[in-house]
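Below are two complexes that have subunit A in common, paired first with subunit B and then with subunit C.
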Partner chain A sequence: MSDTELMNLDTAGFKSWVASHDGIIIFHKKLCPHCKVMRTVLAKVKIQIPEIALATVDSEEYPEIMAEASVEHVPTLCAVKGGQVQDRQTGVFNPKETIAFYKKA
Partner chain B sequence: MINNVIVVMFDSLQFNYVGCYGNDWIKTPNMDRLAREGAMFENAYVEGLPTVPARRAMHTGRFTLPFAGWVPLSSEDTTIADLCWGRPIDTALVFDCPMYRLPKFGYTRGFDKLWFTHGHEADDYFYEKDPLIHYNVMDFVEENSVEGYAKRFGQKGAEYIFGETSNYLRQRQYWNGEEDRYVHRTMTKAIEYLETVDRNKQFFLWVDSFDPHEPWDPPSVYDPDMKCPYDPDYKGKDVVLPYPEMVEGLYTDEQLHHIRMLYAELVTLCDKNLGRLMRTVRRLGLDENTLVIMVSDHGEPMGKGEHGHGLMRKVRPWPYEELAHIPLIIRGPGIEPGQKIKSYVQSPDIAPTVCEWLGIGAHPDMQGKSLLPVLKGETDKVHDFCISGYYPYSWSIYTDDWSYIHWVPNTGAVDKMSKDFYTANIDSDHLLATGGKGMFHEKVAAQKELMEAAKLENNVAQEHYKEGISVDGAAQWTCTPGSSSAVPEKDELYDRKNDPFQQKNVLDENPDVAKKLFDMLRERISELRAS
Partner chain C sequence: MFDIIIIGGGICGMTAAIYAARANLKVLIVEKEVCGGLVNWTNTVENVPSYPSIHGEELMDKCRDHVESLGVEIEEVDGVEDVDFSGPLKKVITSGGAVFEGKAVIVATGRRPTPFPVQTGFPLVHYCSVCDGSPYKDKDVIVLGGGNSGFDEALYLINLGVKSIHIIEIFPECIAAASTQDKAVQSGKIKVSTSTKITKVETLPNGKAWVHLEDGANHTSYAEEVDGIFCFIGQVPNTSVFEGVLDMDGGYIKTNADMETNVPGVFAAGDVIVKKYRQITTAMGDGTIAALQADRYICG
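Coming up: the complex of A and B.
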């Protein structure tokens, strides 16, 4: 899975995605090196858990989604289950830690 | 197929004190010969500094940045020796580097054979009960440096160097000549190992010489008939253990030069002992199936300007060229002789290289890359650039055109580095339970008294006094006493081609370059964090 296959969410898309998917949304900035690395990590997570849904929110384009999801910094991962953001994790993590975060949420 | 590996580690061997690395006045004929027979890497950098993280990366093949600094080997780490277990490979560690012996650090784990030579640096307390009869400490300490240090940190603080020098001289008074110096004794044991090892099996030998680390006490110091070959007309004292501190006001330029020349003479002694080992390798025919790697864990700051950015000994977390750039020479059958390899290579590349040569294959956890493809001409690049640093104080990046250093802000306190770099991960309860290390607790009491006296004497001392010893046993795990975490306030950018030793910061003139390098550095650190 290449990075471009991650679905980019806008404000309306965010709400409907959360309501209809179990997975991880990454809040990122285009030129942030840590965000770039975390998108690569998510690709590795997808290989290990093919059924996991993944999406992205560009924090600079959609600051209102940041506020709605209570996200202040990037990169932040939001674990989405049962129609809600269950947990958030900010920073850089390896695939093992990311999977553990998602499973625990 | 019987493929063996010998790694020869010389601690604190600065790359530009080796002939084949461009030094035209030092005598290192055996290192130069090794480079002619094999390949030398011109751009080898240690990632995590200093002694312990450098070795951890080399044994595990994993970067220590951005996770940890001076910490024990973890049970999750997989070392070369661990991987040799259960295979027809005999493993041996022959060493005098006290950091492998640090209690609870576990770096000797997994080796079949161990030989430790007592006495170097942190292990000098092994001789603390021997009366000092034959030497006078003041013959090895310059009065002007004591006065200079006392002005800065108080008289009692200045007397610290007497203790460190005395403990060294207590053991040195029994020596008869260069065959008693650590590097000679350690290499002798390594030669004995080679002569007795089962040649029907493979072996992995790691020889770890703490020389040319200070005390810089080469033959000309103890042989009355000798003059230092690199400074024969010098009339002052031989300061074998200078104050670990910023040198301004402590030593004259002539004294600093002589200290460096004593270091250089010790490098030549190390070279001579490498020659002893290599003659044995040749005599036994091991050169036909054995990979020999000569490497160092870091260089050494030794004075002003390009010699050390004003610093003597490694008591600041500053990953400048003189510390981070290392010599790395590899010789083995099938490797084209005389290669000068420009590719960037790093300390974690050692483990996968050794494992591939032994036929084990690199462990999937290893982040370093085997150097065998580049040595065999199958590729010309290992890494695009190098990184280096002290967790958690500094990160740096080295490219063809630039070097860039990012300083992570901290309080710069003396005890901070002792506590969070050197001792943070150690449970030292066993020391209290067993009464400590030798006369350790007596020394703690004495040190506390000195510290209080220094505080009364001079307020500056309250910030800088070398509280190297503490009741929790912290001093056992530290490297050079009195290390301070102080770092410059602003990041630095240097023109690597014209200013390799980083003397003129050109960040303000090149903000775009600086930003690009900082982003590359952040991305690399981030990748390591995520892998």
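Coming up: the complex of A and C.
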């Protein structure tokens, strides 16, 4: 799965995605080394959990979504379940840790 | 089974992969994060021939594309947990549980940022201005380290709208390139203190930090309030997994001029070896030599 296969969300898309998916949204930036690592980690998570939905928010293009989701730093993962952001995790984590974060949320 | 397993996908490892793949060898890169290494963290690279100025991550993306186009297998976000170099076939065991075997191994694990040297509970100590700089618009920060990384990241923070930056350098002079230091001075927002160290960081009730500084040249101490701290004070080698296996000096792997280690069939190259200069171009040179020598080792 390449970056282009992650669904990029805008402001309206963010709300409808949260309402209709269980999965992980990554808040990221272009040319951010930690974000690049976490996008690759999510690709591995997708291999292990094919049913998980994944999406991205570009923090520079949509700062208003950052504020709405209470996210300040990138990369931040938001675990979405039952129409709500259930938990947030900022920084670099391996696939195993990322799956554990999602399952616990 | 691979001909060559390259541990580390920075510029050195990727250069080695290009040379090995062009020699028709079956090559695997194992990288604990993503290919590109520390160059990914560099905002502006201005010393690689043919690119007068390019973002480090862009440069590494181009390099990775080159490597992939040659059929090199790349295993990313999977660190090496253990190695067995005792037999003719070298084994590399990853944290993801994979066991890879190769006729030769090139260790190109590079270095990682040195942690902030002062014990503190202050949570806003950062190592990446791209990742963590945005919340500091119109705020005051300290950048610890007057090398190229410190100045480069400080200039990036200024572009984000940070109000003021105080660069702290423990040595009497900053070692950043003169042109980069000039840009920082011209910004009018960056102050530099040399011969100075941070002795203590306290968290204030308002969430800011009260940073205690000691000026070694003037034998004075003072403190200042800042919103965040960014730390760029050099790197340490990624060699813990090779302790007791490869000969080292100060944590760096010892090699001869052909990048051979003390273990036949195991080569080391780039920032991780004992040497004086660590640059993108020197890492490329090391990777080239290691791949050519590994090819000779395999093919006889």
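Structural remarks
Going forward, the second predicted complex is superposed on the first by the 105 of 105 C-alpha atoms of A that agree within 3 Å, B and C clash if a C-alpha of one lies under 4 Å from a C-alpha of the other, contacts with A are read in each partner's own complex, and residues count from 1 in each chain.
Keep this in mind: contacts are C-beta pairs under 8 Å (C-beta built on N, C-alpha and C of every residue); 3 or more make two chains touch, one makes a residue touch a chain.
If you're wondering where the values come from, they're calculated on a predicted model, not measured in any experiment.
With the C-alpha superposition on subunit A as described, subunit C and subunit B clash in the combined arrangement. Contacts of A:Tyr102 after superposition on the shared chain: neither subunit B nor subunit C is touched. After overlaying the two complexes on the shared chain, residue contacts for A:Tyr62 are found with neither subunit B nor subunit C.
Of the two partner chains placed around the shared chain by superposition, subunit B and subunit C are both touched by A:Val37.
Using the contact criterion defined above for the overlaid structures, shared-chain residue A:Phe14 touches neither subunit B nor subunit C, since it reaches no partner. Of the two partner chains placed by superposition, subunit B and subunit C are both touched by A:Asn94. Touched residues of subunit A, counted separately for subunit B and subunit C, are more numerous for C.
In the superposition on chain A, A:Phe27 contacts neither subunit B nor subunit C. When the two complexes are superposed via chain A, 403-411 is the only one of 97-105, 115-123, 403-411 or 475-483 in subunit B with C-alpha atoms clashing against subunit C. Of the residues of subunit A, those at positions 31, 33-34, 36-37, 40-41, 92, 94-95 touch subunit B in one of the two structures and subunit C in the other.
The residues of subunit A lying in touch with subunit B in their complex are 31, 33-34, 36-38, 40-41, 92-95. By the touch criterion given at the top, residues 29, 31-37, 40-41, 44, 59, 72-75, 92, 94-95 of subunit A touch subunit C in their complex.
Residues 519-520, 522-523, 526-527, 529-531 of subunit B are the ones touching subunit A in the complex.
Of all the residues in subunit C, the ones that touch subunit A in their complex are 33-34, 36, 40-41, 55, 57-58, 76-77, 79, 95-96, 128, 130-132, 134-135.
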